[in-house]
Amino acid sequence: MEKTYIDALPLTMNSSEKQETVCIFGTGDFGRSLGLKMLQCGYFVVFGSRNPQMTNLLPNGAEVLSYSEAAKKSDIIIIAIHREHYDFLTELTEVLNGKILVDISNNLKINQYPESNAEYLAQLVPGAHVVKAFNTISAWALQSGALDASRQVFVCGNDSKAKQTVMDIVRALGLTPLDQGSLMAAKEIEKYPLQLFPMWRLPFYLSAALCIFLFFYCVVRDVIYPYVYEKKDNTFRMAISIPNRIFPITALTLLALVYLPGVIAAILQLYRGTKYRRFPDWLDHWMLCRKQLGLVALGFAFLHVLYTLVIPIRYYVRWRLGNLTATQAILKKEIPFSTSTAWLYDSYVALGILGFFLFVLLGITSLPSVSNAVNWREFRFVQSKLGYLTLILCTAHTLVYGGKKFLNPSNLKWYLPAAYVLGLIIPCIVLVIKFVLIMPCVDNTLTRIRQGWERNSKH
Amino acid sequence: MEKTYIDALPLTMNSSEKQETVCIFGTGDFGRSLGLKMLQCGYFVVFGSRNPQMTNLLPNGAEVLSYSEAAKKSDIIIIAIHREHYDFLTELTEVLNGKILVDISNNLKINQYPESNAEYLAQLVPGAHVVKAFNTISAWALQSGALDASRQVFVCGNDSKAKQTVMDIVRALGLTPLDQGSLMAAKEIEKYPLQLFPMWRLPFYLSAALCIFLFFYCVVRDVIYPYVYEKKDNTFRMAISIPNRIFPITALTLLALVYLPGVIAAILQLYRGTKYRRFPDWLDHWMLCRKQLGLVALGFAFLHVLYTLVIPIRYYVRWRLGNLTATQAILKKEIPFSTSTAWLYDSYVALGILGFFLFVLLGITSLPSVSNAVNWREFRFVQSKLGYLTLILCTAHTLVYGGKKFLNPSNLKWYLPAAYVLGLIIPCIVLVIKFVLIMPCVDNTLTRIRQGWERNSKH
Amino acid sequence: MEKTYIDALPLTMNSSEKQETVCIFGTGDFGRSLGLKMLQCGYFVVFGSRNPQMTNLLPNGAEVLSYSEAAKKSDIIIIAIHREHYDFLTELTEVLNGKILVDISNNLKINQYPESNAEYLAQLVPGAHVVKAFNTISAWALQSGALDASRQVFVCGNDSKAKQTVMDIVRALGLTPLDQGSLMAAKEIEKYPLQLFPMWRLPFYLSAALCIFLFFYCVVRDVIYPYVYEKKDNTFRMAISIPNRIFPITALTLLALVYLPGVIAAILQLYRGTKYRRFPDWLDHWMLCRKQLGLVALGFAFLHVLYTLVIPIRYYVRWRLGNLTATQAILKKEIPFSTSTAWLYDSYVALGILGFFLFVLLGITSLPSVSNAVNWREFRFVQSKLGYLTLILCTAHTLVYGGKKFLNPSNLKWYLPAAYVLGLIIPCIVLVIKFVLIMPCVDNTLTRIRQGWERNSKH
């Protein structure tokens, strides 16, 4: 065993007078990992255990004592125990009086208990200064040094001196403490590590549903229909051609869905004549995940761009163009140049590029570090003005793409219009309503409501 | 009315002993929005009003009293009143003594008053602890929960305990407080929300002017000239071909303008023989918006890349290439392969790709979160070494693009050279001067000046 | 001289009662630059000098006195002197008692001295409160205002009030202070500005070596071999074709090298039966620079994408395709369409696009501001699940690209297989081992080990 832990000796041995003692209650995985890391960073570690004889699993260099003896050795006690076993701490209230208790626990699911673990601990041992910390760090990360992820340790507590002491330990371990205020914040901090992209779920499921629906729609029109009527094997279109129809439609629809809740909210405020009433929950949730909706839309737009740019290197396209040209040469036919077709083609491509460019700009400004660097006025300008401009450009791109064949009955297959027509529905609705909302008469009322005016007030 | 505000009840009801009381002076829009939000977060809110009988507009659950009565109920008073009406507070100095006054006001324009509103408030009520906060948050955002933008609340104040109390409230409302130091910082904080991209204006106007000039230049050469001499309708070129000339030239010129001020500064320092003299204001301003200039240039370069990559899917290009090949086939002519042309073409494309790649790298390192993670030496390395390499690659890309036809008189139309020749002027000037500046004899003097040596000193 | 410094007058003149006095020891470049900046920000500056008569180099408006006299004028003394000359401070211990000493020094190389300069200073003048600050800011940046780089000033010190005072000065100069804890952090802070991308070195040298090797390999196969056997001049391939072979292989190999250390670590843990033993140093270092390896790989992938997308606008490709079509037309031959070839081509392109898309996602989530916004669980999900999916897609892309000719002996030139075969070696090894590791029987043991179980424990 000794050999195993020979590498657990302090890496940066501090001058002896500075070596602080930290006590850890509990010899589970996280306790041991944290203890090992602390030993490596020059702390002296005392473990408190129910059964101090069982020391073989602990990092070498650490002492193991009973709970009360261990607690006496240090002013800082890290509670590496599950919440269910906190009860025994009530017997130690005397020893723990005035000491700093660091609650590092996490629960298995969100809202498992009415109050946060840290607040519960503070109620159990009222004489101690409870500080919440370390719960967002994983034992595996501490051990392997693979802390690329997040070095952030959220810290909160009611006693600011205790909090400061814990933050110094956090820094000494090479992590970044973030002061989150009083112990009231513990609930949020304990919720944090249990989440898995909560705001991304709606956009994800929505886009998945859209993609699947459009995939079958396109397969019917582009693969099954020609197979039934012309016996042509078009299955290879499922690799690039069909995705390159699904992606732009999904992108455009999701982009429109970013702006739809704002438009609905405006209508609701106009109807209610006040802004001081809550929106329905679904609208609230929708509004809160607009950023995620927009970023998923940007992802699809990016895929659409790549799928479009590879068109000329595809085997199918080269084969088709080569055959066309060869036929033309064989027939000795000169194909006349149509300026109007050139205009139509070039402007639809140009609109798409400009729309995508603005879309990328919107994406960049939604990066946390960029959006923190702009003020509210600038953010509104970018997300609202540039956002609508993006939506207009992308909708125009799709409309011009359709060109003359838009809603042309000869283009229906089994009464199904081309897929891009479906993609235009929501964007056009949003743009039309928005156009109505910015008419001076409507806009004035809305502005007054948003500045606090209420229609039904006797004021 | 009651029905309207039924949803204003606390969302997260804290245990009753913790429910703090906050007083808000003023019942305007922001006061009401903040009050509603505080009620929802579990605070007890008392409004102070000139006219406490007019309560119908206020969130349910809040109390409305006269100013002095309201002030007595709480240690924290949020002043949601315009600066012009602060005078009445002088009558309340006794009640406000020792209390925390939170100044949330904004002005209509920058530098409207000689001192900041918060400092003015501190002079009016010398016995109170004035803290500046919340002025960067919009009422609409507070209300709708749409705080995607900035959750940052800048806080400053001279009393650190008062500041801490306010920061705890900020955190409880789900926002992120940022300590900006003493009340001296209030001026900056009040300026912040009024700005609209101040550093982006010069780059924006500059690039707009460049684009418009180049557009007309290209229209004359590529549309009007062939129309006059060959009666050819080339208008469709305005959608893609002409933008794809304007964008790279603008990008290259702006990129060179990023490095020009540094070169001018070096010449100025060499001429003056000291670094301890201020640069002229225009140079200072130019240097401060170099990052923005570079990012606008990157935007244009990105557009140039997209416009170039869509070339093979354009109708015009397909038509022209198809016709060429058909003619070749009809004439049964074998076109010989020219290795030198292949070299020229491929190297100009490769130079462009490498230049764009480094340009994107420069752009990424200028993201706030990335540039904060590198030290000064690394930042200098990237922005100076890699920056000049980018400029060299992009200039070489343009030069090789010109190839043999560069400054060829047959290429002039109405004595106008091709547009890309204009784009080469500034980059070449910058590169030549930089080349002179890094010659050992000049570089040594410059380095000594930058290390503090002064030519005219008797030292 | 007076004329020179006329512009050094305070920019923002504060009301006189607030004008603080700051003392700077040392009249070197950084001392003068800092003093000038402080004067401009409204501080009163007193320089302490060995030779107070030599004042001609100092900013106008500042006073110059002997060390002890200067120290008496202010509570804050900035030590702008090299560490080697700190000795004289021992004579001033009495004057310096209780004052705040700001250590701003840097060394010439990392680990030049056993203890940090700030800790050394604290030992020399035990009665003073030593604060480390400003060492990450360059004099040139202070002077020119060109602080685009980093406005961050790391501050550490044992006395929290002294630290707060220094942080207020930092803020007043327009910089951002970052509290790094106690003076123990000084060592790290002094190391920081001396680094030049320490974690990027391994990825950089590795990719450079790979690129050079692959370049010669491809030159032999694609340029020398056809020259020797067919006397064909293929040198122009060195501009685009050969780089477009080198880049994807390097990208794929580096991406696999990101996941290889994790796989080795898992094998090591399985073999040792415990997670509480350190990994060998080389493995530790490798794991720590995985992010950088991945980003370099992403750079190469990005170049590969651009080099691929320009294929259709290359002169060589246009010439070859044109000739092919012309020949086809001359021979009046119809080339039949092969659905299986279309499937192969399209699916290899689609796999590449999807792989690149996920790769870009991984890159974005490794931006500091994004990875700070996700919790450990989300980061693991993205970097591990999505990362392996990226590796699988990119490996499949390469395998399908090879298609039928993979390991076909007719494809060997001088017994050398096509370059892409080399690029498949490491990715396939990683994927095979990973596949073994996620088999339930192996995975269960590994999970138990990572949760703290030890095979050899008597527990």
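Going in written order, the chains are labelled A, B and C, and every chain counts its residues from 1.
Going forward, contacts are C-beta pairs under 8 Å (C-beta built on N, C-alpha and C of every residue); 3 or more make two chains touch, one makes a residue touch a chain.
Here's who's who by UniProt: A, B, C = STEAP4 metalloreductase.
Keep in mind the model is a prediction, meaning the values are calculated, not measured.
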Rotation angle superposing subunit A (STEAP4 metalloreductase) onto its copy subunit C (STEAP4 metalloreductase) by C-alpha atoms, nearest 5 degrees: 120
Same-residue or different-residue interface between subunit B (STEAP4 metalloreductase) and subunit C (STEAP4 metalloreductase), half as cut-off: different
Where subunit B (STEAP4 metalloreductase) and subunit C (STEAP4 metalloreductase) are represented by their mean Cα positions, the distance between them in whole Å: 24
Multi-chain contact residues (two or more partners), subunit B (STEAP4 metalloreductase): 309, 312, 325-326, 329-330, 367-370, 372
Of subunit C (STEAP4 metalloreductase), residues touching subunit B (STEAP4 metalloreductase) in the complex: 4-5, 7-8, 12, 14, 18, 28-29, 32-33, 36, 54, 56-57, 59, 136-141, 143-146, 148-150, 152, 164, 167-168, 171-172, 192-197, 233, 235-236, 239-240, 243, 299, 302-303, 306-307, 309-310, 312-316, 318-319, 322-323, 325-327, 329-330, 367-370, 372
Parts of subunit A (STEAP4 metalloreductase) lying in touch with subunit B (STEAP4 metalloreductase), wherever the complex brings them together: 160, 180-182, 184-185, 187, 265, 274-279, 284, 287-288, 290-291, 305, 308-309, 311-312, 321, 324-326, 328-330, 332-335, 337, 339, 341-343, 345-347, 349-350, 353-354, 356-357, 360-361, 366-381, 383, 450-452, 454, 457-459
